[in-house]
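Below, subunit A partners subunit B and then partners subunit C, in two separate complexes.
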Partner chain A sequence: MASTDCNNENDALEDDPLTEDLLPTSNITFDKDKHVMYFKRCMAYLPEPYTNNDTNRMTLAFFGLGGLDLLNMIETIYSAEQREQWIDWIYAQQILPDKDNPGKLLNTLLRSNVPRLKFQSLRPWLELNRHICGFRGSPFSGLPYSREGCRESRFPFDAAHLAMTYTALCSLLILGDDFSRIDRGAIINGLTYLQKDDGSFTQTYHGMESDMRFLYCACAISYMLKDFSGINIEKCVDYIRRSQGYDYGIGQKPGLESHGGSTYCAISALSLLNKIDEGLISKDRTIFWLLSRQVSGFQGRANKPEDTCYSFWIGASLKPSFDLKILGAFDYIDKEANRLFLSTTQGRQGGFSKWPDLIPDIMHAYMGIAGLSLMDEPGMSTLDCALNISRKARQNLENSVFWQGD
Partner chain B sequence: MSLSPYDLQSNYGDVTPIDQDDGPSPIAPIAYSTEYSTAMSYFRALVRNNEMSKRALDLTSEIIKHNPAHYTVWNYRQQILFALNENLTAELDFIKRLARDNPKNYQLWYHRQVIVEKLSDCSNEVAFVNEVLDDDAKNYHAWSYRQWINTHFNLWDDELPFIDKLLNDDVRNNSAWNYRYFVVFHDPDVAEENLIESEINYTMEKIRQTPNNISPWNYLRGILEKSSRDIQELESFCKEFTDNDINSPHAMGWLVDIYGNRAKNGDEQAKEDAIKICESLANTHDTIRKAYWEYRKDELATPSS
Partner chain C sequence: MHGRRRVKSTAEAERARREKEAVKIQEYRQLVENCFRMEIGCCPQRSNHEYTQNAFEITTKILWQNPDFYTIWNFRRNILIHGLLKDAPEDQRQGLLSEELVFLQEIFQSNPKSYWIFNHRRWCLETMPIPDWKKELYLVEKMLELDARNFHGWDYRRYVKSKLVNSMQPKELLQTDLDFTKKKLEQNFSNYSAWHQRSKLLPHLLSDASEDERKRLIDEEFGIAKSAIYTDPDDQSAWLYYWWLLGREPHHTSVRDDSIHEESSMALATVKGDRSTILAGEIEELKELLEEESNSKWCLQTLMHFYQELKYAKKLDDSELYNLDNEMEEICVRLIKIDSMRARRYEDIRNNLN
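Right, the complex of A and B next:
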């Protein structure tokens, strides 16, 4: 709710710890309390219209948990037991290598002089189910729940999904997990089936879609698991270079219109690969393309209306990846104008919507909070932009088993 | 089709539905409609046996109605269509009806691509895309799909007149400008010199109509760079939109680049002019990017090391 009335805020400050951090930097305020309640409601129950995200439930959970994490509320409102149960739920969606997986023949072939391409098409049969390992978005395939994950999946059409694996890893970190139940080898091996010749990735083994979104997910997964051996980095960088438009923004595919979402995916992927200089044809011009998206809030493409989520996609593209060479490109945005726009898309009962006067949804709610966090909104945790997790979750990553082992 | 108790009895009586097991503490559970959860329970049972049947096909239609983003169901549907040798032209109608309510659904576009590829027939496709673009001329999926048709079926000849029409309707349609670039340069060999020349003139004309419209400015710059021309050539053109009552921030931004380049080569007058324009952008004509133009100004004022 956009409130210009500061008096009520001051009254509330006395005894309400939730609003303590909310001393407005201007006369626009964001009602942290209501946002917390909004995310909490979503985590407990999503109404029927979310059915079209049934297979993507893992991402919805990430938006809810991520929002609460940026508001520094995870541990305050959820008991250790509840967090542990959710960690179990996430692990229950992990497809693990089949216990009957032969593997041996494949390993022999991999070490032999037989050209890789010759047996590439046989790999799914040699490996039983290793090509589908990773995380599903929800238990829709009908296997019985097991906190250990599932080893027996050889159902036709069951498969992990890159965006679900990526958001599962993020949510585990948010909940304080250390990745000890992650089968790193299986996930990294799974990636090798998903990269296409042009460098992009499909979302699942049977997937039809392939674009910058899943290239980003593959890079983020490799980065978090500290193993890039499942992806061809040169091909990733080449795909990103070819997807840059004549305006130096980046599209979902070569030839497509420059878009805030795909530009974020590309820049963050380059940042995680440590290839910004190789991947961007002109850093200056890309920065200018990004800055040119500010209207009051941000638009995703030239001459499109501004939309809550681009406060994150564009803002996060400007912030992390350039912080070594071009100090604080993010500081060239008009923060006050951005805050003003976000105040108009804030829901009365918390959350954010895409545009003013629409019903909030969990994705835009997260993006609104993340957009504010980028501008160091008081009371919010700072964001690790390239991974899209809080600094605290980032800390959990650095303490996770694959990072500690090195 | 809907899953009435009668249908369930007569068509799926031999099937034992499998419910979803969400464990003791589900995360962000969705309040499914009964229709959706029933259909999904039967889907789980049929897919487990990889059943390729008409009733399985009907079931996928029902699920897609509730959840058009169910990529697994789409995949299953495809396999059934091919296994049963179904009429794929009818499938195109199914997709078309679905696209009316879900034009931004990823899966239906990719599914259509698979079907059309199988049919090796693109005769309905331009009309299909046009119908979607009529409703939203910036639909990213529709443009992506159109680029695929162009490339896959080598369809290029009618595209420039089509884009002209779109730009006449809305000269700010950046998707159409982007597509124009895609079409003009689709041949990997550099486009012909006279085409470049006519594109430059066309774009300059559009800029004269709407000097504050960023899309043709970006397009023009793209064309110049692609054909290795120097933006310095357009100094006087830019001045058309800065010397009078019109002050286009895009023209001014170009002049900052043009004069900035000259300043690098020691032209003091150019440096002064560039700084002045930065100030005017920062304080009057592009105030939302004030901090950026001030940065550009400082950069100009500081001697480079």
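Right, the complex of A and C next:
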């Protein structure tokens, strides 16, 4: 959105260490075109250092698509055909109920109010692959590509992953899909296998990580599919309550220190469940904790350095969502200081890095854009804070099959 | 991906780097393919599995490059359970799993925040015949010395401690913790993780202690907090811990019990005198500190917080209320200047005063 002339001048000034301090903050511009190019490059190719994130490819795709969506460039850059191809790729990662699964009747019985004790232990055996339904992160398990998804149960470790299901749904909305090929029942049923007694969720069936991130994913998935029957809401709220620390910030799990990321996950989950007042012990004190994270940009924990991504995690915790009031204290932050910090982590060829002078990565690039969008940066779309998607994608959600005439 | 330094490079160097990367990617892909073939075979009945040393070594190679590939950890455990450890005598199992721990230590060096490494470590210790939990505690504390804020490490430490519960007296265990966190704080008062740990320990300690013991513990705790505050009045960790020690009046809007409040009110319940007297005493001390450190934002915020608590703790008459509000207004004015980043919040508070 900024003119090229203005940018060249700023670039020259930025490179000269003597004038760095003299840059008036209102002259800070964010080069939208460079960011668009950065995301475009990432969507085409991610270099070797990303290899160890291949199982998380769905989330990387979400960062790329989300960034371009907030920059209002999805339909400009990508043809309808390309978007369809991507929608197909996403659906190809959907693990659907095995064709040999017991039929609807048995499934209803398993989920009914009939004394469940003797059925519970039989469930995994009877349900074949129902415990792993949802989306995986990439074709890492080597199954043949099919836009219809897959109905195999052969691969014991080919399981859906909560964060991949969440980002798959978001990405589909960004690309304009209406969820007509989603097997809602299978996904919601899959959630029932993932919640632990303490209320938290593991990321996959028999997974070993369980913390606030996956609790958020489970709530967001339920919200987007308009079906909360797969999660125990009381236990979710209880887990969040117990994860609050003496400083009223929220940790990844009970006993862990308060952290910006987990605080966002908890607050957003509570607002999607409409349980903010039950879940937060003191809204006031949590707001205070969040505001105290601002150094210039934001830090994730007390006495740690600022990091681009917390402009999103902390900012989105403070800002009200469209129809869901979160905490509503975003206007208390110092926007100019935040912008100043983000200008120092902006990459010369677009994207953002965690700290100044590092190579940008796709996650921080998205977070930087999202952080700017929260501050109503010109040329950017508004963000739905609780779901972390654009207003347009949110509109697509409201037009999706589960929200229309249920 | 995260945190890589920017380095200038020529087109030549770029090309060479890409070629090298392409080879690495190809090798990695081949390894993964071999691995999957061995584990799954072609048969749904899984009779073609190769739970062999060869398969095991392939998983090692993959995990060196990508410890976040969780599927491969699952394979590795299967190879151990159904192959290498199966029917093995106790000392062989002990040996193999001890080697696993060494392997984990090695890959941990470059991946200190990988959940999977910690998880596999837990599995090994829970599977081996004779786990050495004391050694494990020593190891994790060494790790926390290198990175005191690594919350994976703190979480793992709590897990290891829970395993020591059977071999150590609960009191002994709590004391070890207190000593450890105290040491961390002495090294660096900014150690938020250490304060956080203490806030979880203290209620447990207090619940079993005698009246005198409790008084001693609370006094000591206040001592540590104040020592930190006076050493560095700008460090928020100690201040927030101090706030927690003083507790909170139950005036929140939540429906259920305030568990955090309960924890700290246990602290205060043992101190003689009612809460408003205690608050008044602390307020006097803070005012003295403020004379020396007039620009301490945290000192001012704490004063304001205590004034607020005083309002809730005690029924004040009109003139007392008026004076209190005046003091709070003055603090707001000072904070707007000193902590301009949060000016709007202070303005809001000021406007809400009577």
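In the analysis below, the second predicted complex is superposed on the first by the 358 of 406 C-alpha atoms of A that agree within 3 Å, B and C clash if a C-alpha of one lies under 4 Å from a C-alpha of the other, contacts with A are read in each partner's own complex, and residues count from 1 in each chain.
Here is the rule we go by: contacts are C-beta pairs under 8 Å (C-beta built on N, C-alpha and C of every residue); 3 or more make two chains touch, one makes a residue touch a chain.
Note that the structure is a prediction, hence the values are computed from the model and not measured.
Trainee: Specify the outcome, clash or fit, for subunit B and subunit C once both structures are aligned onto subunit A.
Mentor: clash
Trainee: Going by the contact rule set out at the top, does A:85 touch subunit B (first), subunit C (second), both, or neither?
Mentor: first
Trainee: Quick one: is A:301 in contact with subunit B, with subunit C, with both, or with neither? Answer first, second, both or neither.
Mentor: It touches subunit B and subunit C both.
Trainee: Under the stated touch criterion, which partner chain does A:242 make contact with: subunit B (first), subunit C (second), both, or neither?
Mentor: In the superposed model, A:242 contacts subunit C only, not subunit B.
Trainee: Would you check which partner chain A:145 touches, where first means subunit B only, second means subunit C only, and both and neither mean what they say?
Mentor: A:145: touches subunit B, not subunit C.
Trainee: Would you sort A:281 into first (subunit B), second (subunit C), both or neither based on which partner it touches?
Mentor: second
Trainee: Applying the document's definition of touch, where does A:257 land relative to subunit B and subunit C: first, second, both, or neither?
Mentor: Both partners, subunit B and subunit C.
Trainee: Contact-wise, after the overlay, does A:48 reach subunit B, subunit C, both or neither (first, second, both, neither)?
Mentor: After superposition on chain A, A:48 lies in contact with both partners, subunit B and subunit C.
Trainee: Once the structures are superposed on A, label A:192 by its partner contacts, choosing first (subunit B), second (subunit C), both or neither.
Mentor: neither
Trainee: After lining up the shared chain so the two structures overlap, which partner does A:359 touch, if you call subunit B first and subunit C second: first, second, both or neither?
Mentor: second
Trainee: Counting contacts the way the document defines them, which residues of subunit A are shared by the two interfaces, the one with subunit B and the one with subunit C?
Mentor: 47-48, 50-56, 140-142, 155-158, 204, 207-209, 245-247, 251-253, 255-259, 291-292, 294, 301-304, 331-334, 337
Trainee: Which residues, counting only subunit C, touch subunit A once they are in their complex?
Mentor: Those in contact with subunit A are residues 1-6, 21, 24-25, 28, 32-33, 36, 40, 44, 46, 65-71, 74-75, 115-116, 119, 149, 151, 154-155, 158, 190, 192-193, 195-196, 199-200, 235-237, 240-241, 244, 248, 252-256, 258-261, 263-264, 340-345, 348.
Trainee: Residue numbers of subunit A touching subunit C in their complex, please.
Mentor: So the residues of subunit A touching subunit C come out as 47-56, 140-142, 154-158, 204, 207-209, 241-242, 244-248, 251-253, 255-259, 277-278, 280-283, 291-292, 294, 301-304, 329, 331-334, 337, 353-355, 357-359, 361, 363.
Trainee: Under the definition above, what is the set of subunit A residues touching subunit B in their complex?
Mentor: Interface residues on subunit A, with respect to subunit B: 42-48, 50-57, 60-61, 64, 82, 85-86, 88-90, 92, 138-145, 147, 155-159, 161, 203-204, 206-209, 245-247, 251-253, 255-259, 288, 291-292, 294-296, 301-304, 331-334, 337, 362.
Trainee: How about subunit B: which of its residues touch subunit A in the complex?
Mentor: Spelled out, the residues of subunit B in touch with subunit A are 18-33, 36, 40-41, 44-45, 47-48, 50, 66-72, 74-76, 106-107, 110-111, 113-114, 138, 140, 143-144, 147, 172-175, 178-179, 181-182, 213-215, 218-219, 221-223, 225-226, 287-292, 295.
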